[in-house]
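The first chain written gets the first letter, and so on, giving A, B, C and D; residue counts start at 1 in each chain.
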Amino acid sequence: MTKAWEIATAMYSEDAYSQWLGAEILEMEAGHCVLRMTVREEMTNGFKIAHGGITYALSDSAFAFASNSQGRKAVSIETSISHIARVDIGDVLTATAVEESLSNKIAVYHITVVNQNGDKVALFKGTVYRTSKEWEVEGSP
Amino acid sequence: MTKAWEIATAMYSEDAYSQWLGAEILEMEAGHCVLRMTVREEMTNGFKIAHGGITYALSDSAFAFASNSQGRKAVSIETSISHIARVDIGDVLTATAVEESLSNKIAVYHITVVNQNGDKVALFKGTVYRTSKEWEVEGSP
Amino acid sequence: MTKAWEIATAMYSEDAYSQWLGAEILEMEAGHCVLRMTVREEMTNGFKIAHGGITYALSDSAFAFASNSQGRKAVSIETSISHIARVDIGDVLTATAVEESLSNKIAVYHITVVNQNGDKVALFKGTVYRTSKEWEVEGSP
Amino acid sequence: MTKAWEIATAMYSEDAYSQWLGAEILEMEAGHCVLRMTVREEMTNGFKIAHGGITYALSDSAFAFASNSQGRKAVSIETSISHIARVDIGDVLTATAVEESLSNKIAVYHITVVNQNGDKVALFKGTVYRTSKEWEVEGSP
């Protein structure tokens, strides 16, 4: 198991809310993460489509796993999301986090969320502050 | 009951996810909304603090109620949030939506989230596209 | 000359500020644009590096040309930019606009700005409202 | 002269681009700044209104002065702006920076830009990383 997987696994095992979402980690490398989940009825808003908080949360988890998997604890500073297509009950969402920039203190990620047809439903951009605390995970080198 | 309350009440009654959050409407006027909720354990992330998706979702609900309560159905275009202080289990969060700008097609809101001590924990900014569809709520003039 | 080039050329010829920047159009297709400029001393701030307004302006021009070149007049709704590396006098900046999403009313673009070494210096995200007014340019079909 | 004014004056005196804009400092306190400028023809875009880069730049200068005037050198991490009303040649723009949040490493500001009639034309939000380097200005205590 790579260190990136170990960090993400350690985070996920404590992450009650990502578990509630039903998020599953499909890919995990330093700075990169792919998550998938299925939208349930309890996740919808007054228009009977997925609440904006759901696609945000999935993106935010992918962002957290991708940024922390670089090895140092990373704290979200600023995030934005555009909801560009409706998301219905039963839709399967896949969020892919890509590292756009990594410096000593700051890193920036783009997360794209698509549905089961490959249509983009949300575009997320996130910036973290990278603390000096290293992740210590069992078994990592 | 004012039209703003009727619209928000109609939205909330169908909004399974805001109900799951435990969000309560404290104030409601056209373009303005105050929501309150308490953070539960199942809402936390791998750092054992509230997942970013929780404060986002509360803000996003306040944003939706405030913008729709102007009478026309409003669709979120772009939102951003800064998480500026940690949120723990048991914290009581209050989100206040203020209308910064309202034109025929576009409106912008700032939502500030504070905890039970009045400390700001998140700053949210949201923009909606205002469709031409009017809300029709029972009993409204 | 394609319609995208004609629209961008028509816009640029009236765009005093993009001319002041010294922006040059390198590539132009519907939804896509590449601009280049060189940073001059009068464009610097109190730290003797390029003012944030310069990389923003170059990105914003690329965003405007890319979005309008789809044929309908497009109005900027919300934009964000991360300044991720310093920009010095004499640096040659290239801004590339990519269309992330296009719907009837709303479109979203990512603009990446790199310097002469290919290092990313800024990440811009912009959303437009697409009006119903068509661009009428001479010679277009 | 307060330390906030001294820092802003030191920054402004080296800031060629804010001078080109014609920005004038009207108010200056730690974490707070008001700037004013008049829009000139060379600042317009292809629609013959102020280029988005102009209101951005004015806001970004107010943001830089407000954040640095807290005493430590501050670096912009992420900024966003909504252009909510047209700005014409001759318009007098006033940008007011308000500190929304200040912690050891991170601070957040809202900058509101109004025209000579008091109409809001732009809403800017900015986040800085606060370095450990103190501003040293002559005559400050």
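FYI, contacts are C-beta pairs under 8 Å (C-beta built on N, C-alpha and C of every residue); 3 or more make two chains touch, one makes a residue touch a chain.
If you're wondering where the values come from, they're calculated on a predicted model, not measured in any experiment.
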Minimal path length between chain A and chain C through chains that touch? 1
The angle in degrees, nearest 5, through which chain C must rotate for its Cα atoms to match chain D is 180
From chain C, the most remote chain by mean C-alpha position: B
Same or different residue numbers at the chain B/chain D copy interface, by half rule: same
Inter-chain centre distance, chain A versus chain B - centres from mean C-alpha coordinates, in Å: 22
So, in whole Å, the Cα centroid of chain B is separated from that of chain D by 29
Just give me the whole-number Å value for how far the CA centre of chain B lies from that of chain C. 33
Which residues belonging to chain C are in contact with no fewer than two other chains? 77-78, 80, 82, 106, 127
Specify the contact topology among the chains shown, as one of line, ring, star, complete or other. complete
Parts of chain D lying in touch with chain C, wherever the complex brings them together: 10-18, 20-21, 41-48, 51-54, 56-58, 60-61, 64, 76-83
Per the contact definition, I'd like the list of chain B residues that touch chain D in the complex. 80, 82, 84-85, 100-101, 103, 106, 108, 110, 112, 120, 123, 125, 127
Quick one: in the complex, what on chain A touches chain D? 77-78, 80, 105-106, 127, 129
